[in-house]
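Note that chain A is present in both complexes that follow, paired respectively with chain B and with chain C.
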Partner chain A sequence: MKFAFWSTLLMLCLVAALGASCNRASYGAHDKSKIRVGIVFDIGGKDDRSFNASAWAGVSCAETGKWPDGTDCGKPALNIVARDIEPGNPTSIEPAMRAFAERGYDLIIGVGFAQTPIMELVAKDYPNIRFAIVDGDSALPNVALLKFKEHEGSYLVGMLAAKANKTGTIGFLGGMDIGLIHRFGTGYEEGARAVKPDIRVIKNYVGVTDAAWNNPGKGKELALAQISKGADVIFTAAGNSGLGAFDAVEQAGKVDGRATHLVIGVDANQNMVKPGFVLTSMLKRVDNSVYSIIEDVVNGRFQAGLHVYGLDKDGVAYAMDEHNKPLITPEMLQQVEEARKKIMSGEIKVTDAMDKK
Partner chain B sequence: MSELFSVALFWSTIRLSTPLILAALGGMFSERAGVINIALEGMMLAGAFTAAAVTHAVGNPFVGLAAGMAAGALIAAIHAVACISYKADQVVTGTAINILMIGMPAFLSGAFFLSSGSTPQLPKEDLIPWTPIVIAFALVPIAWYVLYKTPFGLRLRSVGENPEAADAAGVSVARMKYAGVLLSGALAGIGGAYLSIGQSSLFTRNMTSGRGFIALAALIFGKWRPVQTLLACLLFGFTEAVSIQMQGVVKLPSGEDIPVQFIQMVPYLLTIIVLAGFIGSSRPPQALGIPYQKER
Partner chain C sequence: MIFLRQLLFPLIAVIAAFIVGGILILIIGDNPIEAYRLLLGSALSWPDGIGYTLFYATPLIFTGLAVLVAFRCGLLNIGAEGQLYVAAFATAWVGISFANMTAWILLPLCFLAAILAGGVWGAIPGILKARFGSHEVINTIMLNFVAVALCSYFTQYHYKNPGPIMETTAIGGGAHIARLGRFVPGLPERIPVNVAFLLALLCCLLVYLFLWRTKWGYELRATGTNPTAAAYGGISIRKQIIIAMTISGSLAGMVGINEVLGYRYRYYDGFSDNYGFTGIAVALLGRNHPVGVVVAALLFAVLQRGGIHVDGFSEYVTKDIVQVLQGTIILFVAAEAFFSGSFNRFGLLKRAKV
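Let's look at the complex of A and B:
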């Protein structure tokens, strides 16, 4: 019995060590001459090749001047030390944030709307520490809100989807059924209708809990269901679950060397995930927003409150690279570029699904 | 409605049921031997991660599948040692394994792929979308035969029902329990491998999303019997497939979309209705969850 007790205890310790902190470095960053930045990722984790990966890219760029894969990010390295935590489950977010705050970090970044209430609690307890939340809302004087006009970027990829569409039906695969994700879906639909007014848009969501971001199996089933209903372009906004849609279009195969069904990636540039099957990616440049908030802290210009990144500040965009060049004709590109300018000038107004209520 | 019931729905049901069938049959061997196995989820995660990692390294999905199976069995061995040899609480050990397996793949993927919880994506040629399905459905009659028509099956069941009597009859209780638990790990491992190298093309953290627990529910629902368990898994798979096909297609008479939350309730609602209405009482193996202490 004694052994059983100790072995269980040992196991729980192991679990605590593994589950709470999957980062390779320790929390403590002792070099006081540098600005210390702590980032707490969303449940998806920094390798979701999407939203969190983009936030991680911003931090990496600010710390080293390089993207996580080692290539130059085109911006100077700032004088910072960065530490990151990937919470294994929602309950470990708060201790992670408090661990940074307790050690007197200069800036703590929370990734994802789900961390908003937790950050509010922690930020109230540490009024002298600066916080930034991606996609969240807060009125606290020490919290910066990094927000994006996802609807504008989604409008543009919706146009591309409609241009590439042949069947008259396109799909949208969202992660959770929440306002933020509706913003992607609504913008996408409006963009598609601007090109083809009678196009049918099938909108599906993976789930209603945060497990919805990590279920590629179900993502694939939903994508296959959309394909069986005639959708030939699918826009994903579902974190890791969205990768299932990539598998689904690949499974649908190619005819004459061209993919019959295409997928549109989200947040980070996902064009290289399945080259030839990815029409484009709706870039949500979390990396830019994270970099610039770190830069603000370094230069002593940190401002709490709203920081909105739209098409204008390179906050959202559509991805063009060598992987999707064969899929997008100059005519498509030209039309989308025109729309981009019109949105920036205010001539086209894209509905923001989160404004409705 | 015609869009709803189609060939696509059939295959979707098969695909969604497969991991459940494998894990539930695994759970059956363990629980029939008297060891509660709520660690199915963790064993599936072990299988899913190992299968994807090994397939990536070797380039052969069948080797990956075998490795996933072995990984499931390895995790099951931890459960077996703790619960059988050291008579630890089976629910506590199972929970610990589940939590351990949330962290372990993240930790290992950091070491192997400089990632934090996912493996690199596998090319389509390295996937085996059909093999695990065939295995799952072939296993049902095999499991039935083994459980009811072989001496091994008889001993396994006797150990789960009345270990004292089995012991008196000369059956090694501990050895039978070990066999049951290890088998459950191997099968759950295949179930997990299907998720990562059959249905999807990579491992992502926590990708089982509760399927291990659903499999356990199917096992109880199926009264710890192979064919009934298969039917229960098919029902769960079918209801989920329906909810997937329904989303965004079936509309209210007013023309508005049915809320997603409601559609995603459907599988659970159906389950409750079926459970309450048609199944009757489900009796677990008599000695389930009780560590066996040999009399001196």
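Let's look at the complex of A and C:
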């Protein structure tokens, strides 16, 4: 009897709930009068508080004129429909991209170079759909490449790291051991050397596969190892794995209310992740690049090929806000600002590790 | 009648899972009807939906059959995942090493590589169990890690395609198998469902014939049902264990044919979306019968295909809903013994008793 009772109750609840839900407006994704944009995130997912989060912020800004947290993003909404998919594992990236393509979306954005070969496959099958890939390389006529001068931004945070450094050793925690991440590391090292020529830079990488972006445990281990070798500032360029380094510096603790070890965030502003422990964040303004490529599509000015975002186009920057203000003196700030102008004018040349030698 | 009774619980499990999933969708503030329409609609549309659903079903049929064969011998093969990785890599290795051979030689070699590699990887825990009595569940799980790591190692350090992606270089053109799009009008060739799907169906038939229509299959099933009685009847339990695990591994290994020869034409590190483990669920839902496995594999493929679309085009639902559905289905199937009491009370199953 019990079973009959419960199943009847369940059915009743369901019918009531369905009745209520039928009044909802149906999904707006099929509104074909608007430009439709689909974005496929990397394995890290859209809330990695880093690379993907930044891309998501750009899409959100273009769709609603607001950041994902609801504050104004300072740019107009573009009257688009935006949809996103978090594949979660490498095998779902292709179906995700095709899901948008099958529905005839106007622009499909892929986040991260790992999606490049997949995007090329899909872009060949759908020559009339425009694609954009962050950090990727492709020669197809319908794929735009959104790239950044990470070395320039890394140079500036390298200077800040050297300024904040006391032990003579700083650390760099990379995600995957590849050219793109070496670009961060080299710029960082050069910036640090520009302040302290004899500084020691320890570099470690989380791994050699995609999984390296999503392994905070290993990130923390490596950061703790660097701390034990004397590094007191650690720059992370490791996606989700970098968050492990944040835990590591927090674990190292505070003396007299000041953190003994600091971390530098990457891609998105990560200053608020562990306030007081984050010196600054090397911003890779994926949001700006994503917004501008969507704007191009809306205005009918889409161009395939290379789009490079450096210090000049607000493509890379270092983050300053109320969370890291106590850690950065006006003197540090002034010196970094000078370097920034010199890089933009070409007076300082930062080595790009991905340049062919 | 027996057939209907077999069908009853899986069906109830699926419906119940969809109801539970629907309630969950309601709670997160979305419309279950819209979400399910999106899920099924995207999976059953022609040609993309159906093409991809069949493509996703292919590896699940293979792994489902693999688990089934082992299960019929009283063994739990948790190692289909490792077996299919080793087999896929072996297939790619043959395809790369003998790339210049003609298709008539290369293709059978590649097929053989997939079947043999999977079979050997499956036989290891079988032999360990037969010889030393070590439990196959532990050994197959452990061999999964060994397999994944080995394949990664060889990909990274010996056969890697230059670039940031973990994949081997391409196999020879002679080793490609045809996509169904070439024969089926209206199905574009970009959809990767290929001859391996037909092979999977053929394997279902063969497994059925083997298990229920041959002496060897009888011996295998006898071992699974009652080892003591089987041994008394003169069947070598050890031999049966090794045979079952080898066949099981070979079936799992054929995933490599679908993946390497029919889809990517190379070994791609981490290609398996837990096919080996989903295979356990497929076999369970399919009641360890080849026909059931095909139906269950198709259902899980529908979920896999639809999940992405639900994620993309619904308001709040993510593709995790698929995991909820799969998990709930398994839960309900596993709870059969618990529920059958209630059903008996209603007289639902009374006549079905044999």
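Throughout what follows, the second predicted complex is superposed on the first by the 327 of 357 C-alpha atoms of A that agree within 3 Å, B and C clash if a C-alpha of one lies under 4 Å from a C-alpha of the other, contacts with A are read in each partner's own complex, and residues count from 1 in each chain.
Note that in this section a residue touches a chain if its C-beta (ideal position, glycine included) is under 8 Å from a C-beta of that chain, and two chains touch if they have at least 3 such contacts.
These numbers come from a predicted model, not from an experiment.
A.B. asks: Once chain A of both complexes is superposed, is A:K229 in touch with chain B (first), chain C (second), both, or neither?
C.D. replies: first
A.B. asks: Taking the superposition on A as described, I'd like to know which of chain B and chain C A:N89 touches: first, second, both or neither.
C.D. replies: Both partners, chain B and chain C.
A.B. asks: A:N269 in the overlay: touching chain B, chain C, both, or neither? Say first, second, both or neither.
C.D. replies: It touches nothing on chain B or chain C.
A.B. asks: Looking at A:T186 after the superposition, I want to know if it touches chain B, chain C, both of them or none. Which is it: first, second, both, neither?
C.D. replies: In the superposed model, A:T186 contacts neither chain B nor chain C.
A.B. asks: According to the stated criteria, A:F100 is in contact with first (chain B), second (chain C), both, or neither; which is it?
C.D. replies: second
A.B. asks: Scan A:G217 for contacts with chain B and chain C and give back first, second, both or neither.
C.D. replies: The answer is first: A:G217 touches chain B but not chain C.
A.B. asks: What is the contact status of A:V208 with respect to chain B (first) and chain C (second): first, second, both, or neither?
C.D. replies: Both partners.
A.B. asks: Contact-wise, after the overlay, does A:N165 reach chain B, chain C, both or neither (first, second, both, neither)?
C.D. replies: neither
A.B. asks: Tell me the contact category for A:G244 with respect to chain B and chain C: first, second, both or neither.
C.D. replies: first
A.B. asks: Take the contacts of chain A with chain B and those with chain C, and give the residues found in both.
C.D. replies: 3-4, 14, 17-18, 22, 24, 86, 88-89, 208, 211.
A.B. asks: List the residues on chain A that touch chain B in their complex, please.
C.D. replies: Against chain B, chain A makes touches at 1, 3-4, 7-8, 11-12, 14-15, 17-19, 22-24, 44-49, 86, 88-89, 177, 202-205, 207-208, 211, 214-218, 220-222, 224-225, 228-229, 240, 243-244, 246-247, 250-251, 273-274.
A.B. asks: How about chain B: which of its residues touch chain A in the complex?
C.D. replies: Touch residues, chain B against chain A: 3, 6, 8, 12, 15-16, 19, 82, 86-89, 92-93, 96-97, 99-100, 102-104, 106-107, 109-110, 115-118, 121, 124, 129, 195, 199-202, 204-207, 209-210, 240-241, 244-245, 247-249, 257, 259-261, 264.
A.B. asks: Using the touch definition up top, name the residues of chain A that touch chain C in the complex.
C.D. replies: Residue list for chain A touching chain C: 2-4, 10, 13-14, 17-18, 21-22, 24, 26-27, 29, 38, 83-92, 95-96, 98-100, 102-103, 113-114, 116-117, 125, 176, 178-180, 208-211.
A.B. asks: So in the complex, which bits of chain C are touching chain A?
C.D. replies: Residue list for chain C touching chain A: 19, 22-23, 26, 31-34, 38, 42, 48, 52, 152, 156, 163-166, 190, 269-273, 305, 308-309, 311-315, 318-319, 339, 342, 345-346.
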